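Lettered A, B, C and D in written order, each chain numbered from 1.
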């Protein structure tokens, strides 16, 4: 680290010092300000509904009923669906890249994935609304979905979107496993697959889990693509959490609500606007919890490797 | 002379267009300890790893020539490299202990290779740990993590792990360079015990060690910046060749802080 | 040690930005009012089509900047005009008392530029399955969830996939007024929502048993089909130009450009153009009825 | 032999996963190129939007997106520099440094729609700017702050210690070392990070749809208040929902193609440096 080489005792005022701290301060202030704003502006909704805002299952703004539970359910189920679809493929591809591919080819794979990560969500949305929703509608015809706008459609689209995120992070985690462990296992006569499954994957496990969680957070925050294919149907609450049937129905996520027309309608009306900001706060909390857990796991993974090498 | 268990024939290694090791042809007889000495960076480790094709796992290394293990070619289409490596074991400079228990470490190879039925595992582990002179020290804490052992013990654990797979050749890459003198002595003692039942190829820097344990040695030196095998034979024979091979002279003089009694002054 | 120019380069943008914001602020508001150079219009996507095209022509001719946006549909247009964020609003419905109450300071002035109807559109399978008309009662049954299959009301055996226009859209409010009297009196029901007109048409066209509300001019008769409304005395009324013009079709609606009080300046010019023969041609081109068609 | 079989099966399976990832990219790009290619011509880039998207081009949409990106660049650069220098050089306490890193992670995870909503309150409501390019630029700049900072911090962290040691040996003060050693040596990291961040910002719709961009009629903004711009992502978003004319579809895919070219171009510029940093970090 650079810092350790610098003499810590000599701190004098300088333009660089002042500007650095100033800009850091601005960045911090923006973060704190944004959070504060969410809290203050959403206050009317909390006052009006209390905890019912989070667990309430009904959202009818004309009657001032604000319950976010169906949207929380939508957000979570869609993100989990995306994760279930993307995690095996993403981690599988990362394993292939790290454990089997020669370096030159691995870089090619990595470039592909980096590019894939760059494709904007509105483009995914466009592909979703014009291609994917019809495809889902036809493929799952036997299950009689009402239309192509389903939680599943949103989940599949999100799965495609977070695939590069999972793969990049899984790739990092797997490459963090010391090469000596791999070499030792191969030296014993284990096959590349046995080495991958019994040495690399267990070693990288916290990192892989972190990859999945960070991608989950990303999926939960995605707006535009989901907005176009989820159907935006309010008040969808599954009769049973375990039932798969609701996946082929329309729904609403926190983000699709926030991106929708109600944000414009609510503007200027404290209670309704408060409810919208409240949704923002709930969304932020969910994402923060997931991201924190992911970051924590990543640190564990990193520490583990430090001990080893 | 016994039938050679390992034979290298024009074995050379290059990385891209850069040569690392000039062709080496060596016969390594069955039983005993075969030493490989030479300055750092001369390609001793690379040579050792190319014997059981571990070089393939490093990026960009290309091996040509051939190695015969008990007469069977090592390089070639259709060679089962994994099976090969289970018969030609490897011990590294730093002990590499997997993050699991001592017992699981000992059985790490056995468990996956599938040669030994499950009910035999405990016996195999005990036998291997005894052979590695570790049994008495760890028999009460087999379920404890292997990483809690001292570095010297860890190296012996790695040896036990290799022995457990039923290997007949063990490649050792400076196995004592990370150890203190006491642990080094323990490992050297082990090598002397093991040479009755196994063939050991030992890369080392330590001339005393070479003298103590090796029957035959090969010297790999740097000639025109490329690793080249310059001499082979008994250590005493090598010392007589000192004056003919300047690299050998440089090496032996630098390595020896005090002259080995029998060494001729060059 | 000389100062490296790199650091200057790095921090320069910030200084630049501060300067920019400082000088950008003052000349922009010389009178301190909300005087802006461009003419701003926002509102209904339905009205947007002719207005945006008219704006293109105006821009070409006068060189004035005219900004048109469709954020939040009619409601967005009303509230942004109410808050003074735009000069003209676009609405595909009449203003309700509720709307006026929300912005007491704004003197909403409705200027009709044409007319349209909200059609109840269905997908091809429903249409060819024999369901070509609908009554208010049937629609209410669907909205309240009592009717879920087309065969309950004389159509094919197919579940009804009802896409509801999202709240705030003029289309939805016209529909609600017809079906229940006012937006506030609609029962609490949730359906998949659609926003823009193309989104609606696209989704209805590609879904079996689909039903939705859509501007009649978008009901092309090829991918989506407009149902005739059957009145209580058994009359069938198509959302045709004639029926819209005479007001016989119950979900006819005027298309408005809204201003705060009497429009002046650029806004006046824009409205004059929309009401001119040329402007009315543009209205008609997008499938709506021009004012002249209404008085026939 | 069972072990071999498992080995080959698993390798094939993971290979399939990798292949699928590549196929997805190829499929997305191909489907957009095929549909959008015909729309690309000189007029498409030089004319402004006409007939509500059915005719004309996307000149001001591209310009608007570039204005937003330039603003985000201007906003993000000093913030990221200041943040990274404080993080890597001035902070002595690794505890606080960890907190700052965590903050970056969290900021990176904040859904982009929240930037839009909160930005709407601050810029449209409190400051009364209406829709403004500057609001959008600031929001995008803040949004990509984590990407840029993390890349820059990684870069500073990987500087050989001998450089700073040599500078200390010359008796330079800390701020002088920052200016003469750390910044010049890590400027590549800053640029890489910015390219990556801007690639992400270019495609974002959610933060700017309420704050900065409108559908038609804006050109080069003349001030800050009430000065929106057009943009590519919002254009695509609106046209995907509202396009009366079939002619719009071709233009729509054309716009998507231009956006992808812009975004992938930016990522490609950053790619070599990014891969290098990554490889170094993991091979050291």
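What we mean here is this: a contact is a pair of C-beta atoms (placed from the backbone, for glycine too) under 8 Å apart; a residue touches a chain by one contact, two chains touch by 3 or more.
Keep in mind that what you see is a predicted model, and the values were worked out from it rather than measured.
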Task = Note the shortest touch-path length, in steps, from subunit A to subunit D.
result = 1
Message = What's the minimum number of touch steps needed to get from subunit C to subunit D?
response = 1
Remark   = If you tally C-beta contacts across A-C and across B-D, the winner is A-C
Longest centre-to-centre distance from subunit B, chain (CA-based) = C
Query = Measuring from the mean of all protein Cα atoms shown, which chain centre lies nearest?
reply = A
Separation of mean Cα positions, subunit C and subunit A [Å, integer] = 34
Inter-centroid spacing, subunit D versus subunit B (mean Cα positions, whole Å) = 52
Task = Round to the nearest whole Å and give the separation of the Cα centres of subunit A and subunit B.
result = 49
Message = As a quick test, compute the distance in whole Å between the mean CA positions of subunit B and subunit C.
response = 81
Remark   = Residue numbers in subunit C touching two or more further chains are 7, 11, 14, 71, 195, 199
Ask   = Touching two or more other chains, which residues of subunit B qualify?
value = 82, 112-113
Sites on subunit D at which at least two other chains make contact = 3-4, 78, 81, 176, 178-179, 209-210, 240-241
Request  = Sort out which chains touch which and give me every pair.
outcome  = A-B, A-C, A-D, B-D, C-D
Remark   = Within their complex, subunit B touches subunit A through residues 52, 54, 57, 59-60, 82-87, 89-90, 92, 94, 96, 98-99, 108-109, 112-113, 147, 158, 161-162, 165
Request  = Could you please specify the touching residues of subunit A with respect to subunit D in the complex?
outcome  = 1-8, 10-12, 14-17, 19-24, 26-28, 30-31, 33-34, 37-38, 41, 88-93, 95-97, 99-101, 107, 109-123, 125-127, 129-131, 160, 163-164, 167, 172, 175-176, 191-194, 196-197, 214, 217-218, 220-224, 228, 255, 258-259, 263, 267, 276-277, 280, 283-284, 287-288, 290-292, 295
Key: Residues of subunit D that touch subunit C when the two form their complex   = 50-52, 71, 73-75, 77-78, 81, 124, 130-131, 134, 172, 176, 178-180, 183-184, 187, 190, 209-210, 214-219, 222-226, 228, 238-244, 248
Inquiry  = Taking the touch rule as given, give the residues of subunit D at its contact with subunit B in the complex, in rising order.
reply    = 2-4
Query = Given the complex with subunit C, which residues does subunit A contribute to the contact?
reply = 16, 19, 23, 58, 60-63, 129-130, 133-134, 137, 144, 146-149, 228, 231-236, 250, 260-265, 267-269
